[in-house]
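Both complexes shown next keep chain A, but they swap its partner, so chain B is in the first and chain C is in the second.
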Partner chain A sequence: MSGQGVAAFLDVAGVSKAFGAHAALDDCTLAVRQGEIVTLLGASGCGKTTLLRIIAGFVAPDSGTVRLGGQDALAMPVNRRPIGVVFQSYALFPHMTVARNVGYGLRVRGVPREEQRRRLAEALELVSLTAFADRYPAQLSGGQQQRVALARALVLAPQLLLLDEPFSALDAKLRAAMQSEVRRLIKSVGITAVFVTHDQDEAMGISDAIAVMRGGRIEQAGPPAEVYDRPASAFVADFVGAANHWPDEARGGRVTLPAGLSVPSRVIGRVSVMVRPHNLEPCPVGAEGAAWRGRVAFVRPSGPFLEIEVLVEGAPLPFRVTVPRAGAVPAPGEAVALRVRDLSACFVFPRLDQAAA
Partner chain B sequence: MKRGARTSIGDRIGVGLVLALGVLGLAVLVVPSLIVLAVSFDTRAFVSFPPQGFTLRWYAALADNAQLVRAIVNSLWSGLVVMVLCILLGVPAALASGRGRFRWRGAVPVIVLLPHAVPGVVLGVAVLFAGSAVGLRPSLALQSFAVTAFILAVLVRTVLARLERLDPALEEAAANLGAGRARAFRDITLPLLLPAILAGAAFTFIEGFDNISIAIFTHGMRNPPLPVELLGIVQTETTPLVAAISGVQILLSTLLVAIVAATIGLRHVSD
Partner chain C sequence: MSTQRAGGWASGGALLALPSLAFVLVVAGLPLALLLSFAVSDVGMSRGAIVSWSLTTEHFIAAVGDPLYHAAFARSFTLAASVTVLCLLFGFPIAYLHLRSPGWLRTVILVATIAPLLTSAIVRTYAWIVILGRQRGLLNQALLGLGLIDEPLRLINTHWAVLIGMTQIHLPIMVLPLIAVMSRQDPRLEDAALNLGASRLRTLRDVTLPLAVPGIGAGASLVFALSYTTFVVPQLLGGGNYLNAATMIYEQMIFALDWSKGAVTAAIMLATCLATVFAITMATRRAMRWSDQARA
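After this line comes the complex of A and B, so read on.
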């Protein structure tokens, strides 16, 4: 994302697009710096794919501007934009070999034969598919197909790379491997990239910055840690990582939690106090400073952590608590109290119906 | 199911049933053609099964019969014209319906089916009357146009079915890689549609060759197509000559299908 004084390389300003009565994008603004990997994160229908398709030129916006490297991208025809796209389906040409797929853009653009050969070889080398040059896409695994799609886009040395849910067709294990592989590749080439995904783990793992989208707008944009630690809205807090909701009332700029704990609030009236699972700590009932009491619903190991679900008295939904897998493990049915580790890492938002959903 | 793996009796009965139905289906499709072929080599001068002996005299008689040879040539022309017209009209119609942005694009596959809503004979008579109203006399051309209108739906629907299964992102990918619309069509869409176009074209050719319900009313009086000629022959002729004519047609159809299969089979087309 663009900081103060740094000109954005990709500059999307005030872009709107409606399909019939449905507003897919509503005055959407996004700035991406050169060399940055930005992820558009949101649920299906939030407009993230439409925004990607507008940048690529497959869809024309109703209003707004898209500038790339200072130039008006919307003025360039779709087949003249210096933008590479990796499609969700990869869209490899099934009747062409890997080499012909990757070389297609070079042939279409009339690159001299000798240079075609050299760049094709480089691109195949980059994605370690030299040995597969004569295979057809149907003869490749999902991960290999994805690398062909990546090579096909990168061989033209575009200024911007767009990737539409590129990992959604891969199984979970391969997905994690390909995410770091693709990030490494993009960084090694140094290209500016925009990902689209609905998967917050993927967004966290691959991006320099995340833009959380909702209802055709960007709700918050910033580095992953910032979006996670300082969510701008209840929606973002909920969408990026898990959050527990405590309904309460804010008075005089503060919310007073049980046990007399006080959290500052910028809003007044009905609020929802949101606490991340790792910011909660189980402790014996009656322990000092414990804000909530409840009963353990179940305990689930999750890697080096334990996820504990606690039915908290007075909360509409069970709380999720994440603790390191060490020490005493509470048993299901056991009464526990919950203590907030860091009060400054609690967020207070106006209470919305969907914030509790 | 692996060979030797334990199977329940129910499974066995199921597999047996499927196999039996398959064999039965195949028999219904293939056996009549085989019988006709066998009869065409019969030495006796009447149609009977099983045949006796082996002779090519009925094929020789066919080659000597100028009227029949002419009818076969007429039908070949009709098949060719119908096929070419169907490709020229049907591929753009399918593309318009599958990729167009106009409001009634969904109506295309329905409109092309309309000629199938009336009995073929009625359609033939209708074309005859309509043709004479605008000064078109029965002819090989009128017959070909009428059969084209009738069978166009097969090509449109075959191509459209393939088009609808093509990932629209393929064309977008081509554009993204620098191809203009014409180039993308030539390099990507057309090669991927070709199997469907060929399959549809084969069907339309066969219909153009073999149609009788429309052709009987619309053909040129001095240029009857083979089915019309055959209808006349089977009413009077009882020799295996008719079987020999069928033999030639079976050979032509098989050849056509083989060409299509070979062309499609040589392409690495994945779905």
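After this line comes the complex of A and C, so read on.
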């Protein structure tokens, strides 16, 4: 995302789109700098794919503008936009070999034979699929198919690359490997890219910036760390990572937690204090500065960490606490206290039930 | 636990298929065997009863050299081939329109396609007589009324009437497999072709059409087999003198009472029909080689 004053390469302004009575997109504004990887993150039905399809030209918006490199993209016909798309489940032509799939755009555009051959070879080289040129898509693994889809888009040297849930068809292990592979590839060609995903881990891992979408609107846009550490709303806080909710009252610009801890609040009244699992630390009951007391419900190993679920007195839902695997571990059933590691990393939002009213 | 489950098809599947197998043998296999036995025999009949029976190939040899047979089969084949091509030419746009339409229009197209199948082919054929008739036919009346022609055109009882009627009657048989195959296509494939720079027309040629090949093959086989063997439409729209393989069998069996000749004609018709359908199937396979390779 660009700050004010920096010229955006892709500039989406005030885009709205309704399908019948359903508003799929409501006044979306998004600015992407050249060479940046931006992810549209949101649950299904939030409008992220519609926005992608509008940028690609498959769907015309009801209002708003899309500019690419300073030019009006909406004025360009769909088959003349300098935009490459990697589709969900890749949409490879099943009746064409890898080479014919990747070379299709070159053939359609009437690129001279000799140049076709050279660019095709380069593109296959880029995704290390030279040896698979004569295979059909169904003879390839999911990861290979995805690389074909990437090569097919990149061979035309587009100004912008759009990727619609590109990893959703891969199994978990391959997905992680492909994410870094694809990011490396995109960065090596230096192309500007917009991803669409519902997976926040994927968004965090691949992007320079994230735009969290909800109900056809962009709720917050910014670098991954900023969106995670300073969410603009309770929805964003919940969507981009786990958060524990503590219902409380805010008075005079503060919320006073048990044990006299105080968190600044921009809102007053019924609020929810949200604390990330890694920002909590279990400690012996009665320890100084412990905000909450509770009982360990269960302990679950999660990679190098342990996830502890604590039934906190006064909280409607159990708290999740993430601790490193080393050191003393509380056992299920044990009484523990919870201490906040960094009070400034707690967020205060109006309670959702109140916001809905 | 149970080892019987692994007993395979012999104990379970085949046993369940036995009733239908027996049914097919009795109602299809037996008459076919009888027909073929008539074709290779000299049957002597007297007062409706078979009095002598001897094996011979003379009917086959006579048929193969008979110019009347050549003419009848040539006409049946050209008719069936042109009906197939016409059904494809009219049917593909309908299926394509169905693919591109919003939900409600899809339903309308599908219902409009299926509705004619709910009326009998004979009723539909009579409808064409009403439209194409010489004196009171709707088409001639309209053309005369508009002053485009001075005297009624001869439409009914011509090859053209048979062609038009058969195309309309067999159109749903082409459209339905096309719709079934084409609506299974991933719509993103067309988006992908557009995105790579192809025009709508080029996308149709490079992506939609090649992927519709299984539907084209199935539709063409069905329409060809039905048009090649159909009897009612040529009889009603082509007039009494309209001779093709099917009407020839009818004449030989019913009027000439020469069952051996009729059986020979029927056997040739069956063989040539199967051969053509086989050829269509092989051509479809050829165009679908990519899916074979994918499975290998």
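Quick note on the criterion: the second predicted complex is superposed on the first by the 353 of 357 C-alpha atoms of A that agree within 3 Å, B and C clash if a C-alpha of one lies under 4 Å from a C-alpha of the other, contacts with A are read in each partner's own complex, and residues count from 1 in each chain.
Assume contacts are C-beta pairs under 8 Å (C-beta built on N, C-alpha and C of every residue); 3 or more make two chains touch, one makes a residue touch a chain.
Because the structure is a prediction, the values reported are computed rather than measured.
Once the complexes are laid over each other on chain A, chain B and chain C cannot both fit and instead clash.
When both complexes are overlaid on chain A, the residue A:Arg184 reaches neither chain B nor chain C. Touch criterion met: A:Tyr104 reaches chain B and chain C at once. By the touch criterion stated above, A:Arg300 is placed in contact with neither chain B nor chain C. With both structures placed on the common chain, the touch criterion links A:Arg341 to neither chain B nor chain C.
Of the two partner chains placed around the shared chain by superposition, chain B and chain C are both touched by A:Phe87. Legend: residue contacts after superposition of the two complexes on their common chain; A:His22 is shown touching neither chain B nor chain C. Contact with neither chain B nor chain C is seen for A:Arg254 once the two complexes are overlaid on the shared chain. Residue overlap on chain A between its contacts with chain B in one complex and with chain C in the other: 56-58, 78-81, 83-85, 87-89, 91-95, 104-105, 108-109, 136-138, 152-153, 156.
Across the interface of their complex, chain A is touched by residues 167, 169-170, 172-180, 183, 187-188, 191-192, 267-270 of chain B. Of all the residues in chain A, the ones that touch chain C in their complex are 56-58, 78-81, 83-85, 87-89, 91-97, 104-105, 108-109, 136-139, 152-153, 156. Residues of chain C that touch chain A in their complex: 186, 188-189, 191-199, 202, 206-207, 210-211, 288, 290-291, 293-295.
Residue ranges on chain A touching chain B, taken from their complex, read 56-58, 78-81, 83-85, 87-89, 91-95, 104-105, 108-109, 136-138, 152-153, 156.
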